[in-house]
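First chain written, first letter: the chains are A, B, C and D, and each begins at residue 1.
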Amino acid sequence: MSVTTAAPVATAVPVPRSGGTAEALLPTAVPVQLVTEAGTAATPPPGYVAPPDATLREAYRRMVVGRRFDQQATTLTRQGRLAVYPSSRGQEACQVAGVLSLQEQDWLFPTYRDSMALVARGVDPVEVLTLLRGDWHCGYDPTTVRVAPVCTPLATQLLHATGMADATRRKGEDGVVMAFVGDGGTSEGDFHEALNFAAVFHAPVVFFVQNNKYAISVPLAKQSAAPTLAHKGVGYGIRSEQVDGNDLVAVLAVLTAAVAHARSGRGPFLVEAHTYRMEGHTNADDPDRYRDGDEVRRWSAADPVDRLRTYLRGKGVLTEQDVETVQAEAEALAADLRARIDVEALLDPLELFAHVYADPTPQLLEQRGQLQTELQDTED
Amino acid sequence: MATVTMAQALNAALRDTLREDDRTLVFGEDVGRLGGVFRITDGLTDEFGEERCFDTPLAESGLVGLGVGLAMGGFRPVVEIQFDAFAYPAFEQIASHVAKMRNRTRGRVALPMVIRIPYGGGIGGVEHHSDSSEAYYAHTPGLKVVTPATVEDAYWLLRDAVRDPDPVVFLEPKKLYWSKQEADLGHRGVPALGTAVVRRPGHDATLLAYGPSVPVALEAAREAAQAGIDLEVVDLRTLVPFDDETVTRSVRRTGRCVVVQEAQGFAGVGAEIAARVQERCFHSLSAPVLRVAGFDIPYPPPRLEHAYLPGVDRVLDAVHRLQYDDVPDTIHLARGAA
Amino acid sequence: MSVTTAAPVATAVPVPRSGGTAEALLPTAVPVQLVTEAGTAATPPPGYVAPPDATLREAYRRMVVGRRFDQQATTLTRQGRLAVYPSSRGQEACQVAGVLSLQEQDWLFPTYRDSMALVARGVDPVEVLTLLRGDWHCGYDPTTVRVAPVCTPLATQLLHATGMADATRRKGEDGVVMAFVGDGGTSEGDFHEALNFAAVFHAPVVFFVQNNKYAISVPLAKQSAAPTLAHKGVGYGIRSEQVDGNDLVAVLAVLTAAVAHARSGRGPFLVEAHTYRMEGHTNADDPDRYRDGDEVRRWSAADPVDRLRTYLRGKGVLTEQDVETVQAEAEALAADLRARIDVEALLDPLELFAHVYADPTPQLLEQRGQLQTELQDTED
Amino acid sequence: MATVTMAQALNAALRDTLREDDRTLVFGEDVGRLGGVFRITDGLTDEFGEERCFDTPLAESGLVGLGVGLAMGGFRPVVEIQFDAFAYPAFEQIASHVAKMRNRTRGRVALPMVIRIPYGGGIGGVEHHSDSSEAYYAHTPGLKVVTPATVEDAYWLLRDAVRDPDPVVFLEPKKLYWSKQEADLGHRGVPALGTAVVRRPGHDATLLAYGPSVPVALEAAREAAQAGIDLEVVDLRTLVPFDDETVTRSVRRTGRCVVVQEAQGFAGVGAEIAARVQERCFHSLSAPVLRVAGFDIPYPPPRLEHAYLPGVDRVLDAVHRLQYDDVPDTIHLARGAA
């Protein structure tokens, strides 16, 4: 299905006001937690229920696979096979929950940090890495997987997500849009404009802030003086929540509720997940310059994959055998990735002129001709 | 045939588009009930409802970014920016997304959207209301850049722009909004977006102009005719893609060329045109390609804009310097500039 | 004193965190009111006290003078003597309180809507109108009156205000910056970035939103779905308040507290005043297209000048004689303005080249020469 | 004399400025503890403290706008934008305020501030990390636009920029950050901002280049020399104000000229240069002024940037087309472009 050729009819969907008092919009005082760091069940705040075990098992599977993918990508940078890779190790719960809360018709708007989410959504891992291998700016077809191209200019994607959600609403469809952004990205003007537009147009979009405590080297304390980033929602009339971002069960519960809220026509939702970027900003970063090992070690203890495994094992819904099966699947994906990424993509420099416009302009045809001659000269 | 202003023609183009194509959405600041500060969207909300023509919150990056998402979702957004300088907050969305989406996605995601920008001076606007910002867009690959100078062109170019598969920055010369023409908008006399047109044939030199400068060039040609100089006037209409063929054909024939633009000259579109023309017509040229442009200063306050705007005299001054007698290499200097 | 040649020493002023719980940052549930619409004393919410009578009398004086100035300017547009004028009739309480809450060393960052505030601050009325007469972009010397040039690109001035406030803090001075913005302006990304920077840098700046219910034709309901605009503060960790913007006593009380908060090193403050734009957006606007007369009539009943007069008369601190004296002063200002604005400013087109850079570039000298020759030709 | 990289020279310039002038503040994203993603501010927070060199929240309009206010308050801000394309969110602040404040206030409020922008490609960066954005700034009156090509120039031009009474957009060619030179930064060999310099004298044609293209032009000249063509290479260094004198002197003497820029060609700074040169040197020219520029496409992905970047071959191709034999008016076409 090609989204761009669809011919929606703009129907007069009424735009109800968000209404609601300020109190009803604010997040809970402490982040929602359903599973403790020790992997035992926590008392959920009212309104939240743990997702079904089958879903949690599936979440575990995708987290393990995601982590293995991430690790493999990092290794590939060391071998010079990727230009750069921004790892999201430590954020598995957020990335997988973000995807599992969606249905097929929904859209995901990711950042460069969200490779694990792309893999979880079913994007071919090789195509996830097209950008980072330097082959092209986007490797997959956004319209088939309903994942927008990975966005680098921070927070700009939130407006696209809002527009896409608004398109859904206007067409009378029941799709929801999930938009990812980092803690640093919340400082950009586009964050503000997107939340405001979404609230005013009552667009079915969930803004999901993965607060991993750093924007490259800049710690949260230098980024914002707000009580939490989730407290930004009330200023737009947007219902907001904060959640323990390393607790898959909690993130999935909160996001599922947020998506349901949006899908049922109650407007946008803002969720902040407290998590941590375990690696440097990218493989090229040198995090020792700005944070100490103790902090990283403290967060290791809160590892989201370990926590979910302990929880599911404790609950008796994940066997040792299951764990091994999942790990084997992850290894298989990594092996497949290694094999396929080694095959150099055949890149035709002349393709550079193919997608600037629907049809190349006369000027581009001239320039294309010039490059073609140069390339022939080189071959000769 | 009826007497139509450019503002009315643009309004009719939007109306006819909204009628014909359900996917079209018109939005921006004050485009709803008010009909836009220049009334280009007058009556559209009444006719098509709030869902087809609507006000947005006051944020230009926001409304362009919303347009990107709506276009991805299958709509054809026509976004109005209220004044030229108020497009600058949207520059990142325009340069990094609107212009690049098709290319980034290897052709899989197109963004057929139009960004309408009233531009240029001559209407006594206070600061930030009279910028000529075409060069910023023309220099950004992936955008098409269009600017009408006549009423009929305004109608057809805007219709073409909305139908175009690529994003179009549609620059409306503010001071021509109230210009009138006997026009039959029902009949398409105008070829497609992407072509220049010879507005006045002539033999002695070519004036290349676009948007608000076209009437100036035509008036200069009329005055020059009285002095026995026969000027050809080309209205470029589309800056990107550029119609090299029409331009080159004209200049090779006349052998002399003046480019007229209202924007500040340095690194403007006129520079590009002069550069291309001399590249393509060097051996046909009897004189350098001269430029008549705004000064390289911020747009002046209303009471001084007369001193800024390139008018007939400044164009004729350049025409007279086109080396009918040979004075090597000081020709570029306007009188007084030495 | 030229601010640009001052040589401040950047001292290591510590940047304390805003801290404070979310609740402490939120505005009161209903706008602060100290005087009812009927002009009688209202019960002030805890923490607010009415300013001294002498100050209120002075406020009354400036409001009357401001209104007369505003009316005169509107008349001048009808006579074609101004290019355009955005009236702020109905917002006198906000504009005068905004200025009265400041000290001489403080700075004001106004928008095009705030002519009355400029007059109240002591800017020569003719120089206030330089921009609107079309003579030049700014008529006064910002450094002597400590009023930034009137800003048109919406919300951009909030960042300059934040920078100026931060400069004050860095220099260890005790100045405060008051930044005006409209309800529409709060939607711009720069609003967001300014509040966030101010909070993070603990800059002594008060953001003062004059919510006059419209951004040209766009009503508040299409601008924001927030409970109030003052609810935006908490998302930055900024203490916020909302106030009846047609109650001078309340606006002055709230802004005085906000300025004191900023001056004492407790960081920025956000105040929203609920008021109404009685006239069209500018003289060129046609408000009948988008709002009905009833609404305007309802707000007439809440007129801020009448209300303050009734209150002060009732309190016995303003005599009939005082009222007449103030009115006479206002008429004198209007007469003086009429006389002086009739004297056409001598504008030299060559000045266009004088201030682009400290020294004109060679290119500008060439272009200046060209214009000079043209002007001589015309004279000949 | 020591071997110094351009990155080190820029770092030294900031350090020396912070030492000499209390009013200087250095800020931006990650410029504090990290020392900037290119380490240009390495060690400055350590030496001068958080109050003189500091990280801001992540918002480019914010940090430029903060700079405007700080400059109004008497400081001399040196703002770092992390990469070229990330200056676009600040475009309104730059175009409507930074560039115009002095003029708006009739000279009463100056904004002596520097906006440092790493620009251009050639470092294998993913999208949005390799734009050549100089034309946007050069076309905006009120800004000075500077770009060094050598280590010593980097040092002195940055020092000049901070001292300059006007706002300067200081464009740092990313791919030259690690270029090395034996340099004595203590000794000022370089004249002030605003002047071009002849890097290599020659007789047959002039190559005009700036920033990342200067080494390309020099290499082309070396290769051409082996083919018996003697090229002069001018490093423009400052795009605004433009050094017409040095350029015109060179081209009038050689009679042939190629402008080399990395940015997409259409309406780029190279267009301005070509336009000015033919205006000023028409009668001395034996061939049109040719341009070698990036293609008019979004900057390519890393694995294709070699095909995009104007290299020595493309420059030499243009040089060979400079009508040593006379082939009227097809000369503008690069081989293959017909």
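The working rule: a residue touches a chain if its C-beta (ideal position, glycine included) is under 8 Å from a C-beta of that chain, and two chains touch if they have at least 3 such contacts.
Model, not experiment: these values are computed from the prediction.
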Larger contact count among B-C and C-D belongs to C-D
Farthest-lying chain, centroid of Cα atoms versus that of chain B: A
Centre-to-centre distance between chain C and chain B (centres being mean Cα positions), rounded to whole Å: 36
Return the distance between the CA-based centres of chain A and chain B, expressed in whole Å. 40
Taking each chain's mean CA coordinate, chain B and chain D are separated, in whole Å, by 29
Residues of chain B touching 2+ other chains? 56-57, 59, 61-62, 85, 88-89, 92, 96, 100, 103-104, 127-128, 141-142, 240, 242, 266, 296-298
For chain A, what residues touch not just one other chain but two or more? 136-137, 153, 187-190, 192-193, 196, 200, 222-224, 356, 361, 363
Hey, which residues of chain A end up touching chain C in the complex? 17-18, 20-22, 25-26, 187-193, 196, 199-200, 202, 221-227, 229, 231-238, 267
In the complex, go through chain D and note every residue touching chain C. 22-23, 25, 49-52, 56-57, 59, 61-75, 89, 92-93, 96-97, 100-110, 112, 141-142, 144, 165-166, 194, 240-242, 244-245
For a test of understanding, state which residues of chain A touch chain B in their complex under the given definition. 3-13, 136-138, 141-143, 148-149, 153, 156, 158-168, 170-171, 189-190, 192-194, 196-197, 200-201, 351, 354-358, 361-363
What part of chain D is in contact with chain A in the complex they form? 29-30, 32-35, 37, 55-62, 85-86, 88-89, 124-129, 266, 295-298, 300-304, 307-308, 313-314, 317, 333-338
Touching residues on chain A, where the partner in the complex is chain D: 83-84, 131-137, 152-154, 184-185, 187-190, 215-218, 222-224, 286, 289-290, 345, 347, 349, 352-353, 356, 361, 363-364, 366-367, 369-377
